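In what follows, chain A forms one complex with chain B and a second complex with chain C.
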Partner chain A sequence: MNMKMKLFSYNLADTPIHRLSGLTKLICFLFLTFAVMYSYDIRVTLAVMVFSILLMWVSKIRFSQVRLMVIYVLIFIVTNAVISFFFSPEYGTTIYGTSHEFAKIFGISLTYEQLFYQVTKMFKYASVIPLGMIFLLTTNPSEFASSLNGIGVNYKAAIAVALTLRYFPDIQRDYHDIYLSQQARGLELSSKAKFFDRFKNSLLIVIPLIFSTLDRVEVISNAMDLRGFSKNKTRTWYTSRKLSRQDVLALVVSGLIFIATVCVSVFINQSRFYNPFI
Partner chain B sequence: MDSQPIIEFTNFTFQYFSQAEPTLHDMNLNIYPGQKILIVGPSGSGKSTLGHCLNGLIPFSYRGEVHGSLKINGVETSTLDIFQLSKVIGTVLQDSDSQFVGLTVGEDIAFALENDNVPGDEMHRRVRSVAQMVDMDTLLTSSPFELSGGQKQRTSLAGVMIDDVEILLFDEPLANLDPATGKTAIEIIDDIHKQSGKTIIIIEHRLEDVLHRDIDRILVIDDGRIIADMDAHALVASPILKETGIREPLYVTALKYAEVKVTEEMRAGHIETLKTEFSRDALQTWYGHIQPADHLNTRPSILKMEDISFSYDGIRPVLTDINFDIHEGEMVSIVGKNGAGKSTLSKLLCGFEKEDRGRIFYRGKDLRDKSIKERAEIIGLVMQNPNQMISNPMIYDEVALGLRLRQVPEEEITLRVDKVLKICGLAPFVDWPISALSYGQKKRVTIAAILVLDPKILILDEPTAGQDFRHYTEIMEFLVKINKLGVTVILITHDMHLMLEYTPRAIVLAGGRKIADTAASVVLTDAQVIAEANLKETSLFALSHMAGIEDGTQFVQGFIDYERRLKNR
Partner chain C sequence: MKDLFKVNTKTIVATGLGAAIFTLLFMYVKVPSPVPETSFQTAYGLSALFATLFGPIAGALISFIGHALSDAIQYGSPWWSWVIASGVSGFIFGFAFKRTKVEEGEFKGKDILTFNIIQVIGNVIAWVVVAPVLDILIYQEPVNLVFTQGITAAIMNCISAGVIGTLLLIAYAATRTKKGSLSKK
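For the complex of A and B:
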């Protein structure tokens, strides 16, 4: 329906990325994420970021699909940067051991070291986002569940995650309908109302939403019980695939990237940080 | 019948822990392998509880106290758990939409196998072979939401048949299905029965629809007791249906109006088997004496749609060039299959969505600039599921909500709420919590909460969905009362009885276009409209031909007129 409802929707297409098994994608995602999280070397982070944007292009994800998520993430990153600057404006100097001041903000000195540290950190966060989006948008919820189960997450928890993703659009639709019908009864949620009233009024939507969602839950849980769900300690998955050559390749590549980043830190930088100031 | 019964109830009594009285009393019942059984009964009769006892949801999900014995395949069920039972008896729940666990047809069918740790290759092989049995093998990779109603039913069916169960239990398979899909569902069940010879148990209150195909035995349950166990011909000839408040087939009602005494020999269980030689003359005489009712509504227009077109995404049209004119005081139904645009139409009327083209008039005034809140004072919408509307624990507060949000003074609110509660028959419950009400009463609360705003037009989305005959009649007679008070009523529905009995006029949508706007009797006898809108020809039409009456449509209209006169007397 509208864009909001497509926030997390799985993108049906047939690309090399879509063809990888969910488990492979999850492990690759974790490898690459660990790589950028471990290393504070902006060269590594940028390389991974370029690589993942390339992958996004390969998996035919359009910008319009992820625009909303990108906006949220940007807001988060910027807020994070501002706050961390005001809390520890000297952190960069502590890490890199030098201090090159070039400006003052509200009496706090801004150093190249601090700037460099914060830019590095921003790119670290920013480079994880395309990876996460690729994983979410190219893995259907069932495969997602089976891959979670594949790395050792309890299958009941895994299915719960998958069902949540599955029914998310339905519940959003319910929410939308309830919202409109309550609005017809005179509900005002705009900023015109006082904060307490707005809180009270939003209950008028949340309560029916909870009850109608509980109806859904009862039906689906009965349906699952009747077909033997949770009978055994383990279960198999219809969607799980045998690892193909491409899967192995993807695992090896992302594994190598991870090892390479660790090596860069250990042998070249001799620390997790890349220090251009000495 | 010399074989061992597959299901055996002996002095079986069940009482929910939350209830003061047993829901099932001292049941004695034997069902034999390969039989096809229909269990009918009004809401609250215990028929669903009976189903839950069979498939193990009692005591697994719903707890209570059991006396007596229930054996399946000779094994006492109290010694089995729900998982062991699910290997013998497969359950297809109502509303296949809300019970899909898988994202694709194949995955959904495989669910039981996944839980059994069946390895991948074998799982795929078995899914394919079961899918073939229900003709779904070419659609294994489709999403359940892309399927037609019939295909959804087939998928659910395959999902339980994959365990090679001996008994198939259908819990209200027709609820929420449009008439054509319901008919298909009954055919699918019958085909599976014939092919596999499995024992089939159908729990349903839409008797006539189930009797579209053969049934070996019909059990009538009322008040937790089996009060009849007979075949269809004997049942429709007996007074039991009337006594328990189950709707008899429409053609049987027509026979009774024509003062034909329905006997077992007439084989009236199915319209196809009915022997009309006993009733032909009586039907013709009765038909000849019906006085046509006056149908012209000459009152001014209250709501008019002019060339309305709408699309959610700007690409796929949902409504195209819709025109209609509804007169003051009318009761109209809007029908069409799922996705035909019925709900969207009501959203446009309420201002929830904005039309792309065209205009909507209320008493000749363009509604374009009216906000949702303003329109709500003219047009009230009652949603299908009362739980989607109720947000207060107490009836009084729920009904008063719309007025409070409009800052109406509290003294006036009291007056208006009391008045509406009286009209809706809710006055005795005013201090009750809503959670203590039945579904039908909750529905009334939601209608009251809209009526209190004093709208001139009331739109109801599937007001009678899932209701048995008694509650259906209650809700509809209540709406007639409201209608007589001067409120124009628009019903969005695919209940054909509702169209025939309550709305003289029906607007039919298909593929976002209006394909008919005429008397219900014409709609339900026009083969093309029926096919396009997923309706079903009314059995009255077939009856008229069997009785040698040429003009079937006129006969149906005659039936409607006769019945209306009977009710108004």
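For the complex of A and C:
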């Protein structure tokens, strides 16, 4: 259990990416991720991937900041590739409509189509990750709520997200405190206990955590009510910024990438897949 | 019906804090399952509890925000199809709001049945219908793979919401003052 893992290990730096407003970064993030989510064209995916790695370099994100995420993602991509092969080894053939066999293992034929489909998919999933990392590591958490409100999310929902980000470290600390105090009372949570007991005991930590949180909900909502929260239809944000010229530029660039991706699929490939086999 | 979707300050705060616990449980308190990329998530017991106490809007947002946030922290980017499915499950759990007597300090027999029927419906719709269909539409994953994952997730989340959710609701009811607990002498 890695309790030291910090949420949104946002670091203040002065790079062109950091200077963009949170709203711009959120919209660009959505544009670019939807572009790679929509397209199954490896050329598009690779282009976006190169572009986003370039952005990572510009925003001075060090590898040590994202190492853990990279490991998780690699595990995810590899297991996904293995299981999707075993569940449907013929899926590539179904998609591309041709079959070029080059080897056979255990009676399952390996086709270039399947290989191409899986490689495309790996890059497709991998290319979203740098974008997410840039967004998380360069956006000020307190600016995030106003950005959400800026793209049209109801401000009450945006405040709920802001509260989550604000209280997550508190709840993590509470969880850790309860964990230690329950152990001091003799609740076995180390690997010495049997697996099922350990699971049951970890639930015994969750119960006081939930009830103390429910009490806290009362306190916070009373405080907010006393300050007149949600009396009006809209609200202003302390951290919101006016869009600068760089913001407009970033929005135009990512918008164009999105449109270009859709155009490639619609006009060049005539489907979401790029088919080199015909 | 209108009452079901009422949002006041308490709903919003409960959503925010509920999503924070959901994120924590989703990342740390889970058991991996034999089917890859699925695990037994205790977090759905929590979302079932909060949805029953605060309604569908809170339920949907708690699971949506919590799932998206924990995905973002661990993988850098949310897996949208399952995040949306989480939101749907929380939303349907919310229909148990005001249908049970948990706020009056009673959660027995009929209430437990109502709650469990609703949570099973919610889990089945979310994981056997919404998640696989979105996986196919958004990510073009193989059909039999996503349905296997979806059915496994549905079964495990039914158990999670059913066992943990029910236990939490019983514990919560015990903290409430019972109706008519005072009598005139």
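As a convention for this text, the second predicted complex is superposed on the first by the 262 of 278 C-alpha atoms of A that agree within 3 Å, B and C clash if a C-alpha of one lies under 4 Å from a C-alpha of the other, contacts with A are read in each partner's own complex, and residues count from 1 in each chain.
One rule holds in what follows: a residue touches a chain if its C-beta (ideal position, glycine included) is under 8 Å from a C-beta of that chain, and two chains touch if they have at least 3 such contacts.
Owing to the predicted nature of the structure, the values given are computational and were not obtained by experimental measurement.
*Asks:* After the chain A overlay, clash or fit between chain B and chain C?
*Replies:* fit
*Asks:* Under the stated touch criterion, which partner chain does A:104 make contact with: chain B (first), chain C (second), both, or neither?
*Replies:* After superposition on chain A, A:104 lies in contact with neither partner.
*Asks:* Determine, for the superposed model, which of the two partners chain B and chain C contacts more residues of chain A.
*Replies:* Touching more of chain A: C.
*Asks:* A:180 contacts which: chain B (first), chain C (second), both, neither?
*Replies:* first
*Asks:* Applying the touch criterion given at the start, work out whether A:245 contacts chain B, chain C, both or neither, answering first, second, both or neither.
*Replies:* neither
*Asks:* Just checking: does A:229 make contact with chain B only, chain C only, both, or neither of them? Give me first, second, both or neither.
*Replies:* both
*Asks:* Can A:91 be said to touch chain B (first), chain C (second), both, or neither?
*Replies:* second
*Asks:* Identify the partner contact of A:207: answer first if only chain B is touched, second if only chain C is, both if each is, neither if none is.
*Replies:* both
*Asks:* Scan A:216 for contacts with chain B and chain C and give back first, second, both or neither.
*Replies:* Both: A:216 reaches chain B and chain C.
*Asks:* Once both complexes sit on top of each other, what is the least C-alpha distance from chain B to chain C, rounded to whole angstrom?
*Replies:* 6
*Asks:* Under the contact definition given at the top, report the residues of chain A touching chain B in one complex and chain C in the other.
*Replies:* Overlap of chain B and chain C footprints on chain A: residues 1, 163, 166, 203, 207, 211, 216, 220-221, 224-225, 229-230.
*Asks:* Which of the residues in chain C end up touching chain A in this complex?
*Replies:* Going by the criterion above, the answer is residues 7-10, 12-21, 23-25, 28-29, 31, 36-37, 42, 46, 49, 53, 61, 65-66, 69, 72-78, 80, 138-145, 148, 164, 168, 171-172, 175.
*Asks:* Given the complex with chain A, which residues does chain B contribute to the contact?
*Replies:* Interface residues on the chain B side: 55-57, 60-61, 82-83, 86, 90-91, 93, 95, 98-99, 101-104, 106-107, 110-120, 123-124, 127, 159-160, 163, 312-313, 347, 350, 352, 372-373, 375-376, 380-381, 383, 385, 387-391, 401-402, 405-406, 449-450, 453.
*Asks:* What part of chain A is in contact with chain B in the complex they form?
*Replies:* Per the touch definition, chain A meets chain B at residues 1-2, 140-142, 163, 166, 174, 177-178, 180-188, 203-205, 207-208, 211-212, 215-216, 219-232, 234-240, 242.
*Asks:* Provide the residue numbers of chain A that touch chain C in the complex, in ascending order.
*Replies:* Spelled out, the residues of chain A in touch with chain C are 1, 5, 7-8, 33, 37, 40, 66, 69, 72-73, 76, 79-80, 82-84, 87-88, 91, 95, 128-133, 136, 156-157, 159-168, 170-172, 175, 199, 202-203, 206-207, 209-211, 213-214, 216-218, 220-221, 224-225, 229-230, 272.
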